[in-house]
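What follows is a set of structures to go through.
Next come two complexes built around subunit A: one with subunit B, the other with subunit C.
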Partner chain A sequence: MTAGRADIGVHAREQTSLWGLFPMVVVQLALFVVPIAIMFVYSFWTTQNYQVIREWTLANYLVFFESWTYPSVLFRTLWMSAVITIATLCFAYPFAYWIARYTQRWQKILLGAVVLSFWTSGLLRAYAWMALLGHGGIINKGLMQIGVIDEPLTFLLYNPFPVILVMTYFSLPFAAITIFASLEKMDWALVDAAADLGANPVRTFWFVTLPQTIPGVISAAILTFVPLMGMFFVPLLVGNPSSAMIAPLIANLMQAFQLGLGAAMSFIVAVVVMIIIVVAWRYIRLERP
Partner chain B sequence: MSATVLTRARRRFGRMLIPLCGVLGFAFLYVPIFFLILFSFNDHIIPSLPFRGFTLEWYRELSYDFVMHDALYNSLFIAFWTTLISTTLGTLAAFPLVRRSYRLKGASQLLVLLPMIIPHFLMGVALLIFFSFLGVPLSRVTIILGHVVFTMPFAIMVVSARLHGFDRTLELAAADLGANPRRTFFHVVLPIIMPGIAGAALLVFALSMDEFLITYFVSGQKGTITMYIWSLLKDGIAPRVNALASALLLASFVLLLIGNWLSSRTSGVEARR
Partner chain C sequence: MNDALHARARSSSAAADPAIELRQVRKVFGESVALDEISLDIERGEFFSLLGPSGCGKSTTLNLIGGFEAPSSGDVRIEGRSVAETPPYERPVNTVFQSYALFPHMTVAENVEFGLRMKGIARAERQAAASEMLRMVSLEGYETRRPAQLSGGQRQRVALARALVNHPSVLLLDEPLGALDLKLRKQMQIELTRLQRQVGITFVYVTHDQEEAMAMSDRIGVMNRGRLLQVGTPSEIYDRPTHRFVMEFIGAANSFEGRLERQADGIGAIDVDGVGRLRGLISGNIGERARAALLVRPEKVRLKFDGRPAGNGEIEGAISHVSRLGFITHYTVRLDGGQDVLSYRLADSTEGDAGALDEGRRVVLSWKEEDARIFRSDEES
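Our next item is the complex of A and B:
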């Protein structure tokens, strides 16, 4: 049993078995890939009287595309997601920049404080906003008390504005952390060099800082946009009831046992998501929250 | 001269703008939570201004709410099993993902990444159809399965981060000193990555407790705490919800502190380096 040093090295390297992957792959195939495949199959089946009729048909897709009703919900969801993504990035970038200028010790504390805020239930944070924005909410009562307004502000709830506000609030921490990671890796000496050479802050930002962090910004944009397409309870709680988003609509179809149509619409959303992910694949970096 | 004054003013404005965004950012993140907690103590039926005095009434009411207790128990049960399964399988998978290169590595990485970013309702719809296709009745088990799918990638990510910084010469040294692979694993590798595993477990637990949309589709009769909160929110704002929110906030804060404490504790091997 006197193995040589080289042998030990080889031994240690080889002992990481690929079998470790086995349970993870089995679980993810069985409960992620296969269900999505079955969902795809169901999108070609229809339901009648709470029974699934297993005959292949394009009827569900025809229902989706035959009128403007369903596509308009999808486009509204895409449009709102885009607006919220842009709002999030515009806010997250200076916020992350501010954190990045601190010493490492302070960065850790500030990032910890950012992360802490999204360790609270999302539903309850949406509720917190309801209590702030409502007709008799804290903002309206407060402003009326100090005499700024006489009537409660009505634009604060049940229209697109609070949806954008609250979803930006939800997306900010993750986007800020992703952008922060790219700012941290950036070469700050170049920023100082640009300033030394006489570039003003705006030029420095535009030609030196931003180009170096573009991959981080794109990554943050994707990681913000994709989950937003599934926004569910925020539009239901603070949005306009008549301008539905795609996820609540599909949930209603599923509850009405319209499994085929629900599956078809889910599949259309999944295709949109996949296109975005494939196009942006090389930029996607998940930073540990 | 006026030009320099202007530039200086502009620069001062620029220097002010960034900290302003920082302060606004934190205000944005924490003001809603602050008011949420404040009005859980307000002695009035509506959790809004004016503040009419301090009361613990809403917390007392909460302690009698047996539907809520039942939902909380279900959530803890589900989070416990999800944590156990996701953290164990995620740790097992993290080793080959970090240390080995193999064919189809890209595909397996995609399998890890996708469930993390895909909208939850897609997973919920797919799982609901899947279970109905198989004729599996919805129960706590189906919720656990749904939670394992989306939390395991997070466990893999956290443990992988720890494994990336792992000094493999320590394993060589252990082998050199005659430890077999099993001994090396339990006495060298595991203690070093333990903070990563603990962090992963905590994250998975919190994600499971907070999950809404997958649960919404696959929960059936057994309500979780998020389903219970959802049923309350549809009736609008009420101080009882504020109290529940504050209590849960405190719980997750304590959980996070424990997590920080665990990950700041370095193992003996590391401390000597």
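Our next item is the complex of A and C:
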């Protein structure tokens, strides 16, 4: 209800303390704008015999769009990232809701545990998953022991399923924390009000809780989706080797000193990601005037 | 009015059961007791107020009726039916929340229509009902606004319309005027009472403002520290309080401490050091010679500026402060024992010589013994 007034306050503060943003601008320049610019320049150069040829050309972009090979990798990556993002939100929302609504004394500890998982090595956890899912892994061994299956399940590794599973597991904490923040901000009296007006729990969620937290859901979706576009070792470790993702492909090109093509591809990915962010951001803006 | 007829027809058809019954309701949060054995009947069509200081359990009581909390023990009945197993979305009550709790992402019209939409009523019908209700609360033309674009008073009226449009058996209102400024509050008090008469719905109204409760209610329940101390009409509560807390919370009161000496016909006397022997009606059970407090309202204390105390309950002092508030004047009298006593007089009172009642003037104070009340003084609430 006070959103209008709060917004005015934010604007006033933005104007008075622009200098406070100075360090952030420097960091942004150093870590974001400069690398993108370098990449952009390289994408118009080519390499031959491990030499960079500094001549401006669109050759790299033509190579990318020439055949279906490279775009298909990009689309597969987009598609997988979208599926994983949706799966992540489906798990993160109920989890965040539970923490926000039903845990009081344990709330801080649970949130701490979630944050802690950011600090454990991702590679380590990916290997742990391989140990769980592999031919001789705990799941297959266990199921064979109790006689549910006779031969190890093959779909547990080296196909899209384990990639979705492991990446969802990796993304969960970020999404859950983001959604938790928006649930935390929500006025829970609104939920009581909906129930008071005859809405059962499902309808209360659909008509009140979800619309109230949709900006948090979109933020969580972006925070999940964007890093997924760069997913690297998980598809290499547990995915199908013949259905590559874009980041390992770019890494391969770079290692093969195809710097120009790698840079062009990186730049295309960056543009796609930025378009998605801008669209989502505008949507949040429209939702909450 | 169609609505009024509707409501009245319903209330006369099954008039046997009260709108709300609380039966020995207790509510405990962890260690602390929020409500202690509350029993209460609220009649149909009544404007009932729950009055008490902050934290006394008013909102908790409403939450138990609305179904947002479950009682730790005891039973809540709505129109004769126990609602222990009934979730809030199936109870025939609606609530105007302390914070209004309007849905920020919906327009005014969508807010008001929400309850009807949940009941599956067709769009055209619910739009008609919502706009009629908005007209009733003088908000026609605001249908497409968002709650953030409304003033506090307008939001309050949207919250009211959103609840009333469902024709609940009972409307629960949790300090609905608390956020408004004084002038708007007075105006809304009048509008609310008018509206309640018009629709004939039982109102359970929570407030910590005793004037508001007195002005609006058919009956008032006074609460303190999780207990319901007294239930009665505004004048019963004011003139015949059963607890010291009730008397002091509703209106002003002078108090004197001493030991009780019982006399005939429910009248007692207490001896107050340095003041003398004061008489009043005994309230409740107080043992002979037990410590007691005599309370008397300022407007019952008469001032005489001439003569000596005649002994039977008259006491003497000097005026220490006078504040003239227009039609009424407040006198503070310092007794010879050092205690201050308040006395209110109408400004045009012809009793005594009003003009001569200035600061420093010696006066004699007295009251009718049935106007003063004696309570146990160890009574903690």
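The rule is short, and it goes like this: the second predicted complex is superposed on the first by the 245 of 289 C-alpha atoms of A that agree within 3 Å, B and C clash if a C-alpha of one lies under 4 Å from a C-alpha of the other, contacts with A are read in each partner's own complex, and residues count from 1 in each chain.
Heads up, the rule we're going with is that a residue touches a chain if its C-beta (ideal position, glycine included) is under 8 Å from a C-beta of that chain, and two chains touch if they have at least 3 such contacts.
Fair warning: this is a prediction, and the values are worked out from it, not measured in the lab.
S.K.: Please tell me which partner, subunit B or subunit C, touches more residues of subunit A.
M.R.: Between subunit B and subunit C, the winner on subunit A residue contacts is B.
S.K.: Applying the touch criterion given at the start, work out whether A:Gln212 contacts subunit B, subunit C, both or neither, answering first, second, both or neither.
M.R.: second
S.K.: Thinking of the overlay built on chain A, is A:Asn200 touched by subunit B (first), by subunit C (second), by both, or by neither?
M.R.: In the superposed model, A:Asn200 contacts both subunit B and subunit C.
S.K.: Return first, second, both or neither, reflecting whether A:Leu190 touches subunit B, subunit C, both chains, or no partner chain.
M.R.: second
S.K.: Based on the superposed arrangement, let me know which partner A:Ala59 touches: subunit B (first), subunit C (second), both, or neither?
M.R.: neither
S.K.: Which partner chains sit in contact with A:Gly137 here, subunit B, subunit C, both or neither? Use first/second/both/neither.
M.R.: A:Gly137: touches subunit B, not subunit C.
S.K.: Of the partners subunit B and subunit C, which touch A:Val34 in the superposed model: first, second, both, neither?
M.R.: first
S.K.: Residue by residue on subunit A, keep only those touching subunit B in one complex and subunit C in the other, then list them.
M.R.: Touching subunit B in the first complex and subunit C in the second, residues 200 of subunit A appear in both lists.
S.K.: Which stretch or stretches of subunit B touch subunit A in the complex?
M.R.: 7, 10-11, 14, 17-19, 21-22, 25-26, 28-33, 35-36, 39, 46-50, 89-90, 92-97, 99-100, 102, 108, 111-123, 125-130, 132-133, 145-146, 148-149, 152, 156-158, 161, 168, 171-172, 175-176, 181, 203, 206, 209-210, 212-213, 216-217, 226, 229-230, 233, 236-237, 241-242, 244-245, 248-249, 252-253, 255-256, 260
S.K.: Would you mind writing out the residues of subunit C in touch with subunit A in their complex?
M.R.: 66-68, 87-90, 93-95, 97-105, 114-115, 118-119, 147-149, 155, 162-163, 166
S.K.: Applying the document's contact rule, which stretches of subunit A touch subunit B when the two form their complex?
M.R.: These residues of subunit A touch subunit B: 5, 8-9, 11-12, 15-18, 20-21, 23-25, 27-29, 31-36, 38-39, 42, 91, 94-95, 97-99, 101, 112-114, 116-117, 119-132, 134, 136-138, 141-142, 145, 169, 172-173, 176, 200-202, 222-223, 226-227, 229-230, 232-233, 237, 247, 250-251, 254, 259, 262-263, 266, 269-270, 273, 277, 284, 286, 288-289.
S.K.: Can you list the residues on subunit A that touch subunit C in the complex?
M.R.: 1-4, 187, 189-190, 192-200, 203-204, 207-208, 211-212, 287
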